[in-house]
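Should a chain be cited, it is by its letter among A, B, C and D, assigned in written order, with residues numbered from 1 in that chain.
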Amino acid sequence: MAELIVISTLNGVLFGMLLFLLSSGLTVIFSMMGVLNFAHASFYMLGAFFGYQLTRWIGFWPALVIAPLLVGAVGMAVERYGLRNTHKHGHVAELLLTFGLAFAIEEIVSMIWGKSPVDYRVPAVLDFPAFTVFSTNYPAYKIFMLVVSVVIFIALLVTLKRTRVGLIVQAALTHPSMVGHLGHNVGRVFMLVFGVGSALAGLAGVIAGPSLVTQSDMAALLGPILFVVIVFGGLGSLPGAFIASLLIGLIQTFAVALNGSLASVFGPLDPSLGASPLTDIWNVTIAQIAPILPYLLLVLVLIFRPMGLLGTRES
Amino acid sequence: MTAAIQVNAVEKSFGNVRIIRDLNLSVAKGERHAIIGPNGAGKSTTFNLISGHIKPTSGEIRLNGEVTSGLRPFEINRRGLSRSFQVTNVFARMTVWENVRCAVLWATGHRYAFWKNVDDLPEVKQRTAEILDDIHLSHRRDVPAGLLTYAEQRELEIGITIAGGASVIMLDEPTAGMSHAETERAVALIRRLTEGRTLVIVEHDMSVVFGLADRISVLVYGHIIASGTPEEIRGNPKVKEAYLGEEVD
Amino acid sequence: MTNAPTPSIAAAKQESGGALGFYGVWLLAAVALVVLPLIFSSGGSLTSFSLIGIAIIFALSYNILLGQTGLLSFGHAVQYGLGGFLAVHAMNAVASHNWPIPLPVIPLVGGIGGLAFALLVGWVMTKRAGTVFAMISLGIGELVASSSLILRSVFGGESGITTDRTSLMPMFGWTFGPQIQVYYLIAFWVLVSAIAMYALTRTPLGRICNAVRDNPERVEFIGYDPHVVRYLAYMFAGFFAGIAGGLTAINFEIANSAYLGATQSGFVLFSAFIGGTAYFFGPIIGAILVTYLQLGLTSVTSVWQLYFGIIFIGIVMFAPGGIAGILMKHRPLIRAGTLGTVIPSYLVAAIPTLAFALGIILTIETVARFSGGDPINLLGIPFVASAPTTWAAAAVLLVGGFLVARITWRGVAEAWDRAATVARDRGYLA
Amino acid sequence: MHRLIVAAAAALTVLGGAASAQENLKIGYIDPLSGGGASVGEGGLKTFQYLADELNAKGGILGHKVEIVPLDNKTNPQESLVQAQKAVDAGVRYITQGNGSSVGAALEDFVTKNNSRNPGKEVLYFNYAAVDPSMTNEKCSYWHFRWDANSDIKMEALTNYMKSQPSIKKVYLINMDYSFGQSVRTAARKMLGEKRPDIQVVGDELHPMLKVTDFSPYIAKIKASGADTVVTGNWGQDFALLLKAAADAGLKVNWYTYYAGGAGGPTAIKQTGLENQVFQISEGVPNSGNKAAMDFEKDFRAKTGISVWYPRAVNEMRMFKAAAEKANSIDPVKVAAALEGMKFEVFDGGEGFMRKDDHQFFQPIYISSFGSLADKAKEPYDEENTGWGWHIVSKIDTAQTMLPTTCNMKRP
């Protein structure tokens, strides 16, 4: 049991940090531009595939740097040539643009790299067990992922607190109307923020790719969870997104580790009741409902605390 | 007689900033009351508080004797208060006719009806037509509101505000940005349309204020420093010192 | 949302334009629905017509939210799917108890299913509009779709619940076994639902929905609670989506969890938006086009979804009014008699634009089939994906087409300005 | 659609003439050709096209050229019905499908209804891979024929092998949470309990289908349970990722699987280094030693670039030909009657037969393990260029795979 807890905690934190790499960019973009970027998870996927391709050509370490930059460039191009032109049609149009983009990116990726998972491997240097908890190995690569996420997290913190753009972003988080007063710089700031957000998502993709599966449906699998994270944490709140990311990471991982069902707690139902929704709910294990837990949380939060965990504004 | 609007000791803070401090205001029924004050004095906030757009931190607001602080805007509207906005706030994609008609629907009792043909409601049709006549926009009835000229939009704004037949009308800078001739026309319009109703108006143009208002309140830093007839306000030394001295000759 | 504010001039004109034209349109639609299968009588076209009919109801119901009330939903399939499931369960119950309920009533049961769900969750969901609503609808959609796999006794797991539509009592000697009878059942419901939804736009509630879409803040100051308005709109949308779901269940005699999923929700969003949300008939065009493409494109290319995405992005960026918006833009020009000014510029622009489009298609297909596959058959000319000549052709069409097309597009814009100016002068354009 | 309609129109005009001998015998292939399942569907399509070419090279079936009509169902039951209807509308009278039991159930229901409503236009459904037992039990249909062993039959064969392995003491079941995964776990529990009551089932896991990206929490649970053997019906990425996580955590157990050989599976096994510890149950093995089958394999690989993953499809098509010849007709009703109870020499040798009671095909079944190939002459075929291949560990005879059926067949 103890090893389950240790391993699950590590995995949960790791998944949570990955989620935060993605949700931080999404939150900042949403706060500043009012755009809920549906394609954000697609940038994560692009990161993984660029990482895979570059790793094959020039090796993992250069890929780790170049792939996120490429994704950032794609993001900036999307902002410059797509969103900026759509802005005049309103936020719904912008949202739909990113929705269509997510759709198109998935198709393009599967057109180029196919629908099956690609063979994106952990670099040989990191392909060894870092340590062993009671007989279970914990891979070094996962530790590496954790370190990268934490480093980026700290870098993000410093950027926000110490740089001019960071201050603008922070001001925009709390006072969205402020952004309008940025003057002639507003376009460049938007493009930069969008680019950095995309690059972070790309980085998450590069490092997650070898550990998780690199496949053309990875964006569609992760996308909805991201929205849960930023709504759950409170729209426009970076600390909220951080807590929500970790929480959802841990919940997802621990739910899998648990075997409990109502039947195991209260005993099986009388078989004479037959098949009914009650028996379905009674017998389902927590592990089985792990993937829907985030959405359940989302609904609960929206009922009881519509502004989210740490959010201050409702929309 | 109960006042149309009674504001008692209202406070409003945003974070640590007190925008409205101990606000007391009384507007009698049938009175035309202007609120003036320097920029940032809290005039629009006062409007927002009275109309329910924001809630006071403390204090009480009454409409025709009934407590309305804490109610939602539509609840206050249904109790007979209607307001316009400083920034034009119309239904941009709908036609002029539709704009006014929507504002008529609740008052004529059609509410959320989904079993009635909206084109088949004679009293709605008549009232909408009357208001369009009143605001001189009948010839533009089929034009989407977003395509009107600025002055026309301001007139439509007033039309929407009065369409529901509210007894208390609040207009937030109705003539802002208008030319001299347009302003004169608008003032005549306001005077005519609010006949027999209570009017509260925020205005920067002092000629409008002094030409229209029965009483004036002066708001400085979220606090009313004086209230009275135009003559009293003109002669009030506090007002002169705080505000009027520089702006009105 | 501040779409090009051209709409509803026409609608307003129509309003005073007399009842004859109004009833005439519906009568025409009814006649068309009756006659269609007589003209195109092959089994394949019957199947397609049935699907298109259902898609029309579904897309129109979606537009109650998006076009009329300004609510962008990413989970509209939930109501559709639940309607379908309820309809299947109802059919099985009716059949097993021999209740005297004929099949044509079943879609109503589906509608009630959609309505009931909307009633249940709608109040919480519609508290806020805009992006937040969009996200909540996405979350609810995922939640319901995933839960459907857990509640097996109700949803039948991933294989779903089957039924037999012929096991209900026949009506007028119709057993609804043959597709043609099902087609007429669907056609009947299409007509009824479309009229009902059109009527809804012309009620006080329908108008206030528009007002909420344009400016929810202001609506509060004319006596309405926008939350209630959104909630009501959500219920109506749910009801008609449920009818569409019920019809699907009748058509396929199966309901499964795919009905509830994101693909279905995305499909209806595509239909409504590509058709154009600002006009009542927009989603009808969209539903016809998207369903047709979905049925037809799949047998032509394996990357058909990419074309969907590209069309969608193109519409969002360059014609947010959708196809209906493009068509209706010409109405004032026709009235002002200045359409002739723009037509030549269209013809000039058509050729390079077509070349550009062919370039895109050739590029995509070349990439898609690079690692093997049939040669690309474009306008009867076979292209082999691995041949450099194909790449060259693609590049020339793509780049050359774009460069030339861009010049001609400017010509179109200029012609437009001229035509519009005249139309404005003649009082047909505000 | 256009193409189909045009084709149908063309077919009609031909019929109007006389030359029915030239009329193609169309088989609608309904499987995913886009979306998540496309890679699997493409493989099946190549197989059937190869088999059609093989038949046509020998004069087709009763002089009719066999033509495979690819229909993309996006692994969606509803879309499958659209495609099936499209095919039937265009004159297709035989459909074949394999991926997804949900699709299979929907199609089975479709042919049953279609055939009762449109007498004279019957359609047969040849199932080459949908293994939900209910399709030949409570939901059985006269118009459905299944060449793949259903999941219960495979489990019967697998447990018959496992009972002879005394080293198995603790078994962990992990399966995808849908009908197939559930029938695997249910059958495993029941049959192991009967045949080896001493084996302890230390875990029984259902995980969400195709949604898990990191199986390490599950591996941790398996490890914690102390299992020495894992039985899984996982396929596709759910198998590859499961194995990847097992390798990461250093889990060393034996794996008994249904679909380890699917796309990506062999690569994953090679990466984990679990040599001869992953077993698969199937009706055929590339290195079977059967001369004809191995020659077929060679030519097939050369022409299609993939290995023979569906020996059952070979059985299906060859048996179709035999049945049509026996009935001397390509009319589905007559072919169906001929297929019932038909005996047939299967692809890898040995006799199989189509049981009349439920239209389930029974055939010899092989347990094979994956590892390096010692004797390249005897075992020439590796998988996915890993250098490793399947070799037979055990062959379970047809008689050993028989299970009773609850099917109450309604014959026309």
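A few points about this structure:
The rule is simple: contacts are C-beta pairs under 8 Å (C-beta built on N, C-alpha and C of every residue); 3 or more make two chains touch, one makes a residue touch a chain.
Remember, predicted model here, so these are calculated numbers, not experimental data.
Between chain B and chain D, the least number of touching-chain steps is 2.
Relative to chain C, the chain whose mean Cα position lies farthest away is B. Taking A-C and C-D together, the pair of chains sharing more C-beta contacts is A-C.
Averaged C-alpha coordinates put the centre of chain A at 31 Å from the centre of chain C. Separating the CA-averaged centres of chain A and chain D is a span of 37 Å. Taking each chain's centre as the average of its CA atoms, chain B and chain C sit 42 Å apart. The set of chain A residues that touch two or more partner chains comprises 288, 291.
Across the assembly, chain D contributes 38, 177, 208 as residues in contact with two or more other chains. Annotation for chain B: no residues touch 2 or more other chains.
An unclassified topology is adopted by the chain contact network, corresponding to no line, ring, star or complete arrangement. Shown are all chain pairs that touch, namely A-C, A-D, B-C, C-D. Note for the complex: chain A touches chain D at residues 1, 3-4, 7-8, 11, 15, 110, 114-117, 119, 121, 129, 132, 135-139, 211-213, 215, 217-218, 221, 253, 256-257, 285, 287-288, 290-291.
Of all the residues in chain D, the ones that touch chain A in their complex are 35-39, 177, 205-208, 211, 213-214, 216-221, 223-224, 237, 240-241, 248-250, 263-264, 267, 271. Taken together, the chain C residues at the contact with chain B in this complex read 2-3, 5-9, 12-13, 15, 199-200, 202-208, 210-211, 213-215, 217-225, 228-229, 232, 236, 278, 430. Partner chain C is touched in their complex by these residues of chain D: 1-5, 8, 33-34, 38, 71-72, 76-78, 81-82, 85-86, 88-90, 101-102, 105-106, 109, 113, 117-118, 132, 177-179, 208-209. By the touch criterion stated above, chain C contacts chain A in their complex at residues 1-4, 70, 72, 74, 124, 127-132, 134-136, 138-140, 142-143, 146-147, 150-154, 262, 266, 269, 273, 303, 305-306, 308-310, 312-313, 316-317, 320, 364, 367-368.
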